[in-house]
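A quick write-up on the structure given underneath.
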């Protein structure tokens, strides 16, 4: 019998992506959907592409009866999330997709998000949701904090290399290219089609992007010493997909071998043959992450390129992967959908 | 136990779409893939987005052992198809995605395709593959001819209206907007990104498009008299999707009621409330067709807008729907994937 | 010596397009720019693509000294425009780009724009700005009302045919495809890149689009009897360009000959050889309108396709063409920029 | 009186861009156009967006009478170019847009282009066409070699820094994002709209891109020692524009100051205020290059972002800028067209 889930914040892109994926997931059933300002509406009015599904009407959070709910996906904005999750039943399993529980250190949270954390106990309780590296903890967690989509991409490229110590930890550079759905369904001038299509620009350049907080926390933890990477994201005229070009100092063949070995049995992480590099087109709409490695003409430098779909493996697919673990379902259930190309 | 299928012409977009859909179809298993010029290659070399699947290596058609194959999808170019299908075992069930078996009348074939048909017996045997209107015949057919993607869109908008006689048969106009994947993976200058993106143009205007052969055949058959529609397609800078704006003379409310009633129980055809009109964004990557109807300010004129994904409901999804019927599987099996948005 | 112009509403796309065109127009000089909410900013902050130009700082309208201004372009929202223009010096020449002075009949204005006109005397005074058909009046006008961009496209396809009486006036259908910049720089969900790219939908279908007011006024005036066309616009994932597919009943060769003759000496209107049809790619960024005609397979039906750039020939280019006439400059001055392709 | 120019290779994008720009250049007149396989056709048949111009018919090169030609633009493929230029009159001034005369060292040419140079004397004679750095030489040159479009972008970001010695020469990294028109009008599968739109991938990664030959030659020459940069380009779903993100080790403020000072009087190179970063949208269709500098959170690291339009400042605009110098015309003549946005 399918487990009952609620989705809070169903009117955003990650909420809709959760519904899309759960629609063909035989182990999960959507029992409640919330959207504060759109409460009372049908999901099909907010997202007509979900018109074919029979779904509960959108509610306000406090109208939801959580008594029969096995797990709650929380896809709300950061800051709001802390308040909402604090008020949810303490017995409810939660997969949070916001930034609120990703950082363990309240000071780091305050630094990157510009305000103190108001639910420090929950922040401590939360397990970081990068599935492949926190499986056991996630399986028994009550609250899992989904990672940033950029943060996930960079970590898939780098974690095994830092663990193994095969690259220079003081000279890691992530130049990232991101599709626009990562910015959400927000009404900003620079997200308009007329402004965005046909061009590109960087944003939060020079070490200002909040996902650096996750990189710092995770890479330093693995290395056992502070690791600070360079990270510059760029916005591209595409809807889905992230491509991270990661420049490191280390032996390219060792880098490739390390990643290939680390991910050998991973169902969603595919390391390409040495020298082959991936495209975002090949993972769009799916939970897969493709990773390629090549050397530079300058000896001792390697380039790792990782691609994933920000809405799937970067957030909602990851969330379901974590939910599967938390509910004792097969980890890949509902997530083996092939990418959509062209 | 899953039925074994072969896909001939797996290196084109419709072939790849068949693989994508079958990847999560529990009743079908891909036993053979052909691609003449790419024989010997892995599918993942031709379509890296299918990298996560374990698939048979591409073969030449005559290398395939059809003895264990339950059904063969044929996604080859027209004309070639006639020859290939003629040479296949007579006992093999076939769903053809080309234009070769869509028209019943050899003279019509010769007129629209510029050459005589070389397999007239097969042409007669074939059942037209517009599932919702030929279900019983398809279920018992050996050879099913998949429809043109534009032809399917126009017919979903019009067939019930012609059957019921509620519109003027001499004044039907289909202005169609099509995404570029319908043109296939062919190297033509006008299909280059630099040429196509950011603009639009009509093609085959004025009654030259080959799918008119299907419209003529089907509409005349339903009406019991010749029906010739106007049909002008336009190429749009989008990859998937067809939107047909159909202008008819008839009572808009009756038109809407007729379509809503006709498709009431159809799993893939969704008629929107009167006045609501669909978007191609809401069906991309899925087997759904959304249909809307509104009136014009001029009394007695109705506008029907139908949208579907040319690669899915317009060809490969339709092909699997038909294969399901032919193999005694549930008609919707493997086809309930939600559209991908954004 | 260059004539001094002011641009009111310089922070929108049509305002920016005026600046772009005037930048290389040797007969005009920008003396003042207004943008109410952005007053005090530099134009380069609002539109960084104009960074290379030396321009006056943005002001509020009432801060502008109009005493040295030869002509004022008004690119403000409708309704606001009436108030602003009423308050401008009565001696100032004005080219208005809003909808406020396009319709001669206050009742028609009220019907299409949902509120009574508050400057009926100006409405009467204004000359309709479709340059090629109102040249003499425009040259001596004080107030010229720029046309709707869709309205311009449809009229270029149809006016000579209605004048000549060579088509059925009761069965004219305009199916229009429009790029997104026509919707302006407004923060609407459906204009986001993530929502718009990769798909298409109709809007204001069934006779609800406001540009129908212009069609009705102009076509009825030419015909000397009421003419009501069908008009359904569609939004396309492209930034610039309109393609109007116009279906009429009439002899295709006569239709072509009529248009070719009418526009023979027009510098910006290019009628293609019979059977050749235009693409929006070929006029983007320019003041040209390309028009093609073909016949349908059904005798007595013709298809006219007209394309233009909504921001240029459809609004700001047209405005400058009119301003040139009003100021006694060569009509084509500053407007012979070639389209940008690819 | 306008100088007469010929354009060899007018059927490609750079050829068409030359025509577009010359169309409003009052000092140049197109006297001949060549296109080998399309000889005999009108330019408007090959590029309908140039329909409004009166242009000479396309010819084969050997049909052109060069006696009255003041300057010849050569926009042919590399390798072919050597042969063609060798056969042109020795007195003819030539601006070449191919790769054939960019590298001074025949061995370097052979290394990057895979074959020996067959016109070594011309290779020696040619002046490298990066206008701002070779003005005097270009003004008196007979043969100018236009730069690679990527090579131009990277050099604008880096040359003054290398000259001044304010960055670490052994750790320069260029991560470049390029629009598709740089790949030309060539029929390649990966350039199809269906393949390219909506995604991104790297190409020639790891030090394989031919423009590295230019970087090596120029940077080493300036530095007086070998300088080898890392350079990884990515293909983006946009038609025009290059964005180079350049990572260096050096003081960000010094980097900014050095660039700002170096380009202070340059008409086409605009250095933004410190911390402001440019977008390709703001230079599309123009001859401008916008450059921004910011620091990283890691002290001693700077990020320079340079954007230009590959078809304009990156090739055809640059070519005209050089031709202006060679012909004694004002350097900026015909090149002050504003970018096109949106």
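Just so it is clear, A, B, C and D label the chains in written order, and each chain counts residues from 1 on its own.
Convention: a residue touches a chain if its C-beta (ideal position, glycine included) is under 8 Å from a C-beta of that chain, and two chains touch if they have at least 3 such contacts.
All of these numbers come straight from a predicted model, not from anything done at the bench.
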A student comparing A-C to C-D should find more C-beta pairs in contact for C-D
Remotest chain, chain A as reference, centres from CA atoms: C
From the mean C-alpha coordinate of chain A to that of chain D, what's the distance rounded to whole Å? 39
Could you please state the distance in Å, as a whole number, between where the Cα atoms of chain C are centred and where those of chain D are centred? 36
Rounded to the nearest Å, the gap between Cα centres of chain A and chain C is 45
Chain B residues counted as touching two or more neighbouring chains: 13, 181, 194-195, 197-198, 237, 239-240, 278-279, 281-282, 284, 342
Can you check the complex and tell me which residues of chain B touch chain C? 171, 173, 175, 177, 194-195, 197-202, 205-208, 212, 228, 230, 232, 234, 236-241, 243, 245, 247, 277-282, 284, 294-298, 301, 303, 305, 342
Residues of chain C touching chain A in their complex? 13, 180-181, 183, 185, 187-189, 191-198, 237, 239
Within their complex, chain C touches chain D through residues 13, 16, 19-20, 23-24, 47-53, 181, 197-198, 239-240, 270, 278-279, 281-286, 288, 290, 336-342
